[in-house]
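In what comes next, subunit A is part of two complexes: it sits with subunit B in the first one and with subunit C in the second one.
On to the complex of A and B.
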């Protein structure tokens, strides 16, 4: 398949390998109780400056946060929302990456599902019977 | 930096020749131990000469089913390679520059991560 012949595999690494597109982006994010929080729309990398030459031997940038936000429009029309509109889920709160991304914290402590909380408190709670579980 | 700004960016070698586009970014979880998971560092970028992005990752896994889909997607992503972080000279807003003596590696994932 390759004109230059088969390529050699990369040097072995000690940790688990994750490819952003395959294992992280667009995955559903569940909180510590298994409740859906959001999806991972993008990734924040720390230690990397766009357009700045990377000196040899520079330490590798680290993944600091999963980002989520209003990306539907930009997915269709291109571009991405401004950084200020993206909500960060810190990597240190991630407990596991599998079919879904599991967090080790409860969703209530995250900014990612503020829309759901706002709808619950401002709209659903004002509907008669909206303050208790259905019977 | 936000990863979405890098994905799909053209990649050039040390002489300025265009090699393809950034199809994916590979991370390795081998950083400082955290309370839940260790830190993840950028290991390298997957470069695809014929497509702006990767779809389903057939070129990085051993999956061969369904056969027609696997053949088509492997053909579409033919020539993909991985460059490690230390071979990257600059990641700019419009292009990624590699060092003159960069090494192409097979983009295949290690077995245990391939099924994820």
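On to the complex of A and C.
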């Protein structure tokens, strides 16, 4: 394969083709009830090392998770947090990708929602009227 | 019948909600220094805000996405964050100015020093945001804001030289006592006051709050297209009152009491009472809108759960961020900084930030994935492109003009 030549056309794939930049990054993520969870701050791809070409015949890299939390800072300003610090929304939990990314699970079970839960339980729920339904 | 009532209510709310402390102060300052020679700017600004508020409402109704979600998606994380920083900072400045405006209006009514009213103002604003339904909040403030019509009434009672006023408005010229740079500085400020970005954040998020669908677009459009121009007329009558009374007397407006002076002179005590209620309602309504807008922009950028239609516990970070914004606003006012001065700076900074908000809205309004067949029609796009040029020019010119004129002094 000539490294400077045009890329060979990609093999036909089943299903939809998603452009990570266009369809995933910076999209709003909603949970199964339609409640906003976060925005897709970054994505995690398995089987891909930055700057290292993929050897022919290796299994195709796969998208494993949407990332959120401090990873937004490192995406903008550079660097990478240790893998243990990444807050992941597993790709298998994603139900649909449209103008929003819809999850098939509820936000309450996700690590991505822990700050929201903390603020809710420690601050907002303790202010009188915090559970009042405005409608 | 019910539909007609809804329409009337929407229009009246839009009129009352159009004017905020920025419009009040800037129009009075301009009227007292430049007469009606800058009325054309209000006209340009009103057409612009109609155009883009309508567009952002349409995006929200067709796609369910509010403006700042769209901004981040289209600009990406980096430019989106820079945009958030600028928009949020200006919004916070406007929150501060509106809170100060409430306190100043209460001072006018009570003669109690405004600093003592600030805690009252901020607690009242927070309770409404915490507790009151979105529709009630919007309608009450908007309807009471209609009391500002008394500026137009006072103008008639003052029996001005109409030919002279019309001459100033139709053949704009820089008054002899002012410089050209000062004239253009206030042109930019007026434009910024009419097109403040928070109106678009609030309008599009409000569309989501009230669950608009494509069916509601017609009513939304008439609210904007009738209400905002009538609101613009209120702005012009504020400037005209100042031009009739304060300009000949050589008084350049630096405080809220000078803004209402012509009304008191034209209409007496009763008119003064109305105008104070009107200013109170307008600044209170705008304080609600700007505080909510701070929460909306942050929540939409980071993807948090937001909205007054949810219980506060279901939008915890959204409510916490608004509480913090109000605390910061009070902190700034507690330094004793003049709220009128904060207002004057906030409208100019708004003008600087205009392209950041309006460009992404225009891009998404043309994206069929979001809009389906509700994408912009060609005439709308042509007009919007013309406005982008004006907006860019105002944005680029704002800082140099600010430096040359020493912020208009």
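Observations, loosely collected:
In this section, the second predicted complex is superposed on the first by the 98 of 135 C-alpha atoms of A that agree within 3 Å, B and C clash if a C-alpha of one lies under 4 Å from a C-alpha of the other, contacts with A are read in each partner's own complex, and residues count from 1 in each chain.
The working rule: a residue touches a chain if its C-beta (ideal position, glycine included) is under 8 Å from a C-beta of that chain, and two chains touch if they have at least 3 such contacts.
Small disclaimer: the values here were computed from a predicted structure and weren't measured.
When both complexes are overlaid on chain A, the residue A:75 reaches subunit C alone and has no touch with subunit B. Of the two partner chains placed by the overlay, only subunit C lies in contact with A:134; subunit B stays clear of it. By the touch criterion defined above, A:20 lies against subunit B but remains apart from subunit C after alignment on the C-alpha atoms of chain A. By the touch criterion defined above, A:48 reaches subunit B but does not reach subunit C. By the touch criterion stated above, A:36 is placed in contact with subunit C alone, subunit B being left untouched.
Put subunit B and subunit C next to each other and count what each touches on subunit A; the higher total goes to B. By the touch criterion defined above, A:123 reaches subunit C but does not reach subunit B. Residues 99 of subunit A touch subunit B in one complex and subunit C in the other. Only residues 1-5, 7, 23-31, 34-44, 46, 53-54, 57, 60, 74-75, 78-79, 81-82, 84-86, 88-93, 99, 104-110, 112-113, 116 of subunit B touch subunit A when the two sit together in their complex. Listed in rising order, the residues of subunit A touching subunit B in the complex are 1-4, 6-10, 13-23, 42-45, 48-54, 56-57, 59-63, 67, 80, 83, 86, 91-99, 104. Residues 25-29, 35-39, 41, 68, 72, 75-76, 99-100, 107, 115-117, 119-120, 123-125, 127, 129-135 of subunit A are the ones that touch subunit C when the two sit in their complex.
Interface of subunit C with subunit A (complex): residues 63, 65, 69, 72-73, 76-78, 80-81, 130-134, 299, 301-306, 308-314, 316-317, 319-320, 369-370.
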